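Let me begin by presenting the structure, written as structure tokens, before commenting on it.
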Amino acid sequence: MLDVVTFGEAMIRLTAPPGEALESAPHFSVHVGGAEANVAVTLARLGFRAGWVSKLVPDPLGRRVAGELRRHGVDVSAVVWASQGRTGLYFVEHAPPPRGMTISYDRAGSACSTTTPDDIDWAYVRGAQWVHLTGITPALSDPCARTVARMIAEARDAGRRVAFDVNHRRKLWTADRARATLEPLIEGVNLLIITQDDAREVFALNGEAPDLAAAIVRRWRTDAAVVTAGAAGAYLARGSDVHHEPAVAAGEIDRIGRGDAFAAGLLWGALEGDLLAGMRYGAALAALAQTYWGDVSWSTKEDVLAVLDGGRRRPAR
Amino acid sequence: MLDVVTFGEAMIRLTAPPGEALESAPHFSVHVGGAEANVAVTLARLGFRAGWVSKLVPDPLGRRVAGELRRHGVDVSAVVWASQGRTGLYFVEHAPPPRGMTISYDRAGSACSTTTPDDIDWAYVRGAQWVHLTGITPALSDPCARTVARMIAEARDAGRRVAFDVNHRRKLWTADRARATLEPLIEGVNLLIITQDDAREVFALNGEAPDLAAAIVRRWRTDAAVVTAGAAGAYLARGSDVHHEPAVAAGEIDRIGRGDAFAAGLLWGALEGDLLAGMRYGAALAALAQTYWGDVSWSTKEDVLAVLDGGRRRPAR
Amino acid sequence: MLDVVTFGEAMIRLTAPPGEALESAPHFSVHVGGAEANVAVTLARLGFRAGWVSKLVPDPLGRRVAGELRRHGVDVSAVVWASQGRTGLYFVEHAPPPRGMTISYDRAGSACSTTTPDDIDWAYVRGAQWVHLTGITPALSDPCARTVARMIAEARDAGRRVAFDVNHRRKLWTADRARATLEPLIEGVNLLIITQDDAREVFALNGEAPDLAAAIVRRWRTDAAVVTAGAAGAYLARGSDVHHEPAVAAGEIDRIGRGDAFAAGLLWGALEGDLLAGMRYGAALAALAQTYWGDVSWSTKEDVLAVLDGGRRRPAR
Amino acid sequence: MLDVVTFGEAMIRLTAPPGEALESAPHFSVHVGGAEANVAVTLARLGFRAGWVSKLVPDPLGRRVAGELRRHGVDVSAVVWASQGRTGLYFVEHAPPPRGMTISYDRAGSACSTTTPDDIDWAYVRGAQWVHLTGITPALSDPCARTVARMIAEARDAGRRVAFDVNHRRKLWTADRARATLEPLIEGVNLLIITQDDAREVFALNGEAPDLAAAIVRRWRTDAAVVTAGAAGAYLARGSDVHHEPAVAAGEIDRIGRGDAFAAGLLWGALEGDLLAGMRYGAALAALAQTYWGDVSWSTKEDVLAVLDGGRRRPAR
Amino acid sequence: MLDVVTFGEAMIRLTAPPGEALESAPHFSVHVGGAEANVAVTLARLGFRAGWVSKLVPDPLGRRVAGELRRHGVDVSAVVWASQGRTGLYFVEHAPPPRGMTISYDRAGSACSTTTPDDIDWAYVRGAQWVHLTGITPALSDPCARTVARMIAEARDAGRRVAFDVNHRRKLWTADRARATLEPLIEGVNLLIITQDDAREVFALNGEAPDLAAAIVRRWRTDAAVVTAGAAGAYLARGSDVHHEPAVAAGEIDRIGRGDAFAAGLLWGALEGDLLAGMRYGAALAALAQTYWGDVSWSTKEDVLAVLDGGRRRPAR
Amino acid sequence: MLDVVTFGEAMIRLTAPPGEALESAPHFSVHVGGAEANVAVTLARLGFRAGWVSKLVPDPLGRRVAGELRRHGVDVSAVVWASQGRTGLYFVEHAPPPRGMTISYDRAGSACSTTTPDDIDWAYVRGAQWVHLTGITPALSDPCARTVARMIAEARDAGRRVAFDVNHRRKLWTADRARATLEPLIEGVNLLIITQDDAREVFALNGEAPDLAAAIVRRWRTDAAVVTAGAAGAYLARGSDVHHEPAVAAGEIDRIGRGDAFAAGLLWGALEGDLLAGMRYGAALAALAQTYWGDVSWSTKEDVLAVLDGGRRRPAR
């Protein structure tokens, strides 16, 4: 039995070396990433049983996606291997301000976007303690949106818990469409995660991060809501209680996947029955994640605990 | 006024380092390629005025395609910049036998595939001495096929000459569909180029390469037909006359674009009014092209003539 | 239940770029390899359930070894994580003749070399159809030699079959010591694999490869013996019957692991109940393996069958 | 008709990877740069018609220089191809303080340094709205100095405008020699650009940057003078009016070419008839330029406007 | 006659590219380092006659160690070439906080650790003005500890001076064992160097850095003691006099070897008979050292003096 | 006392990666090479005392040249550090036929070309058993030619022996000028080395390689003459005796320096008093040299002897 199952698209990520441009770089480095897959990888590396459900094409890029997840210990036995479709891609440029990082998706027509409820092994999903979903997958296609909805229903029916990370993608749909689709989905989930900006843009909520967290719990009756506010840390609301967790100071190599690492930390806490601990885990994992190239952290549970314990100021020699 | 105008798709090419796999390579090198663009680049490097007509999206990858062609001297002033569509990609793995080279296209939905006759600056096309087209472009979409047909008609109407390289792409369409579309297009062109294999597969012709060349001239009333037979060289048929040009011995770094270099050599000869010279130029350019990474040769006219002159056996120091 | 279980050491491999020397190279590429692990990887990529038993230290290099195997689908759940020892290393230089390839091991004190029978989950081993072992592991240490002996005994007791690849390592022990240790182990195994050179050097057998194969079957009563003779192919002896399988012609990128790929092909055939097919699979896998950097082939079952089917002479486009 | 024509030397730039030394680096990255060429590239990328006049040798390095400029859209049709001389080089080391960046030129005997007025197509020069020159070119050789003087005279005679960026190069000549040569050249130019340090060192002016700018306008009767003061921004003096433009905050990847990007921004403004806008464009372009490896920015007009518009705080996804 | 002789182990250092992990990096860069060797390299680059005594195996890695030192001008003629043992390794990961840098040694069984007094050419040692030793070497093995003790005795007997850098290595031994071994060694040395942390941890001293320095001079009757305190600079105690030298501000590329560069600066001063100058040299060398990849600085004496002279604020062009 | 002293220019070599062009390569690898320096490096690696005399500038590139030689064990204590001049460069492209390798020198104005007899420490030169010179150095400048002539005179005067490798460089001077300068120099040298092509081109000799060798001995009264004929091996003439040494078969990574390796082998033999052995050493060293990137072989004496002993057919494991 799995601790957490996730469902979503993972893509091949092509990154220009830092300081180069997509227009100029002689080569692109190759990684694998996707919000839900990143969460599964982080959990698997921490020692949890994490499964990732998706649809892939059995060509070199599709096999690479599955292999990369498996390498970290994610269970990919429920992945559906499609006879059609392509592997989604995204292109990344890293640069300091004022240029900043750019992310361009090239994912239309991906195998994952054709996933329907019939593709899913529902027993597999129902067997996990937590189902973790994001607002990206429903934006990929109508069948994907229906699959997400069904997944939430199945999880509840099986007495499992649901985490949902809103992750609004402006390039995939408008805030209005996102809101219309996501509102029914997030109603009553056990753990809702959202950035401060998305809370305002997608759900037209007002106020500062702690208010937003409290408002979400009230409005959609979630057990808990976490609003992340970048360097200002994150806020966890449960009932009328709001807890603040400061961000862990960190240098930045590659910020992509930072939020997914945070979500994984929350789930770690949730699996231990301690969401406050999850807030700390999330803060440490998010900080560690941005010190690695690629979407995911290569850290271990010991590394995370060392960060929370004050970190290593000097390398032990 | 241009010497040669071409029309077709150019893509971003992502190549695994030699000996690696697309599934394993830590980075992919980035090139630009496309059959017609490769011909234009080769001609421009030789000093001819070559123009490339296509449709691109104005994002980093699309700009990269145009910039790379411009760098070699190709005129890209007639490229249409689209507001929709993507930049086509292809993935390449190089390996010795029995693994061999693999090429995978990911070009569905490209901006170029949406080109219609209305996108074209016909005065630009009519102003070139030769129009060079391939059988790839009609396979991309119906509008592309219509654009190619119109281009041939315009060229003839303006008294220009037409070269056509069949370049059958099994992954884009069947031999039957290719034949039905291409037959009306190649009827009466001034120069038809085809591989021995394509002549048999697409047009169901029989016999050895010299017979195939002669048969093509007879059947589609082309001024000239060149059938390429790999290491066995190439055959030029004009009327009932067939000339054999042996291949130039060459080590292999990257075979992709070899045929396009050969076609460029033929056009060089054609522009000088000497197709037999063009056969020699083509043989030398094809040999040189496969000694460079990427689709195109970085050689100059002097390099080509040196090869035909016996080559450099010892490097001059 | 597993199809094949293997036991042995996998190491971090550090390779100078081709044409460089270990003394000069600015960087070493990093791979994971080990004879038994290579066999497991190849089988897992082909779709078989392959498990690898070993002992690793839970530091970055040890985790890398396990992760790399898991990525290809090998089951590493029975790996023992040691609190002491190091991760073995080997250094590789690739060069054309007369310099040739060099391999230097730095594996003394490895965690794996401390494995004892008590470390092993014997139920796990007994559950596999085939147990695959090599002559390298007994050379690592006395406890390793005892563990190998016990593994053969357990497999037989459970009614499983045993494959043994002699793989003599001159740098680990002398031919005399190898012979004394290996003779009792190979007695009566179901499939013995050995190079022509090792047959002569370790077991002091005489004659050509087919004679050697037949002599082995007679002398140690193995069900089958395969003697490999490099470019001259391989010979399978069963009873008095000797079958010759020619080598598949192949360019060489990296020869290391070629023999392991061949052994995996034999096991594939054995699992299908057709050792003659296994000889063909092995020949194709060995050829493919040496077209990739690193110890293992990234090919799929389809790639292997394509090679046996005449290969791809032209890349499909 | 061109918007801007420039004249000067462009070189092959060889850069040690960051943190390496020229004495230690296993490889040098290869770029093309030169103050005037950098201005032309930036303007061409912004959509202006920019031409670069120079002298090159037709060997691989010379062709590379021309090709790299052409790639960005610079017109190089007026480049003279010399039968003698070499391609100038410069070597760059990047390092944090206290080591800092070092630039070493190896440009003696370059083809460009042999340019004489007779090499120039004066009709080409007279056809551009602005002629942009720097104080580097007169320092290369006497013939170069005479060519620069003639270019200013021709531009005036044709009713065109002249921009001059002083760019003092201590390694090429002394401040005294620079002053003697440059004073007659800058007299009455339409736009003079100079760093605060050069104003003091070459022209022995005193005071702070705003005073320097005003003094220059008074003394050499330029229409406008811009004094740049690094992080303190830049000052534009016209008549008695002095405007301050703060610098745009930016991370630093590679500072070389920052001043040239600023100059290109000024010319953009000048071409739009709005030098104040030019100050803003320059500030944004200078900031962007130092976020790319190499001398030039790969940004587009949209990127510049986005920076001026507050920049992208979050990458759009 | 040498200015300085050192004795200790140098290893092959394998470093993951910045932002990568040892678990993920596709390649490791290769350097040579070791505390005493780093000091010798720095001194040799400054123009001093520096000799390094050690034991190496004559394989590619051992030859690389010797060659790398020789390249910088270190005399390695007294290195003993062993017939057994291996070349020590260490693995480095660079990352920003909270992950930070990690260093893992894999040096057990190194040739150097088998050095005994009988291996040493004592005339060579006695001929140097200064003998520089560290607390690492005695931690490698008992024979090494005896060799260090003998070296101090020989130096004194020959009327030479001794410098000792404590350099405690937690991974090699405990503070208690270190103290027991090191106390007799440091008694009365001419120059003792120690970090503030080591002074507290190994010798159980209390107080701030200046107090620690004074206490060391008193307790072990050293001519001078230098306590380094990272960004807070260093303190030199002689008799009852304590001098503070602030650190030179520096960006960080690779901090390893910073302390060795500082020690080399002290020895430079000592050789000039001016330890206060040595404190300044050390501060500048330490700052420069951390701007280079690898353990050592590639700077020259002129570079050091330029840093002390205010540094280059602008690169001279 | 040295075994061999050489005098000549060493340069920084910049090489495009194989398959790239100087016009296209994103980076150039950096090596050090020069005919006489290559000989010195090879001899030093074999254990001989080899000194290299030259003139360098003390900038990073000049220091790199000296450091690289020192690394291999060459004595560079007699190098003159100039206050003017530059470090010579050469650019290399590697490609298979028909493109082949290209070498372009950029060495005009090098510090070495300004060497005069007054720069040389004649006692140093007179102290070596052999002086090794080439026909490249006299082609650099008149002062260099005078220095070479003086060096031969000094060697003879001191009773030392002289080896001279003609090494004609068409790009530096004509065959006529070479002949006029070289004839007096080679008169009576102890060992003359020349390629078959140079013998014909420079000295207008006729006949096949063995005849050429005999003719040289007769005409210039050399003790011995070796004529190399590429794959056909080499011919040693002494008096009327001519010995043929076949070439050792070798794959080709980088052919540059092959002839210098051969010359070093001859000197090895000469130092052992056995020129026939020298022919064998030279053949093996030349073969090994072309299996490494860069001008020099990283092999050891053991590697050479192993090649002569039949080579390693299988890597020892």
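Chains here go by letter, A, B, C, D, E and F, matching the order in which they are written, and residues are numbered from 1 within each.
Everything below uses one rule, namely that contacts are C-beta pairs under 8 Å (C-beta built on N, C-alpha and C of every residue); 3 or more make two chains touch, one makes a residue touch a chain.
None of these values were measured; they are calculated from a predicted model.
Most remote chain with respect to chain A, judged by CA-atom centres, is F. Of all chains, B has its CA centroid at the greatest distance from the CA centroid of chain E. The interface of B-C is repeated, with over half of its contact pairs matching by residue number, by C-F among A-B, C-F or A-C.
Counting the residue numbers used at the interface between chain B and chain F, under half appear in both copies, so the two copies meet with largely different residues. Between the Cα centres of chain B and chain D there is a gap of 40 Å. Averaging Cα coordinates per chain places chain A and chain D 46 Å apart. Contact with two or more other chains is made by residues 21, 23-24, 26, 63, 67 of chain D. On chain A, the positions that touch chain B within their shared complex are 14, 21-30, 59-61, 63-64, 67, 86, 89, 91, 93, 104, 106, 108-109.
For chain A in complex with chain E, the residues that touch the partner chain are 248-254, 284, 287-288, 291-294, 298-299, 303, 307, 311-317. Residue ranges of chain A in contact with chain C, taken from their complex: 63, 67-68, 70-73, 300. Contact residues on chain C toward chain F in their complex (touch as defined above): 18-21, 23-24, 95-103, 105, 169-171, 197.
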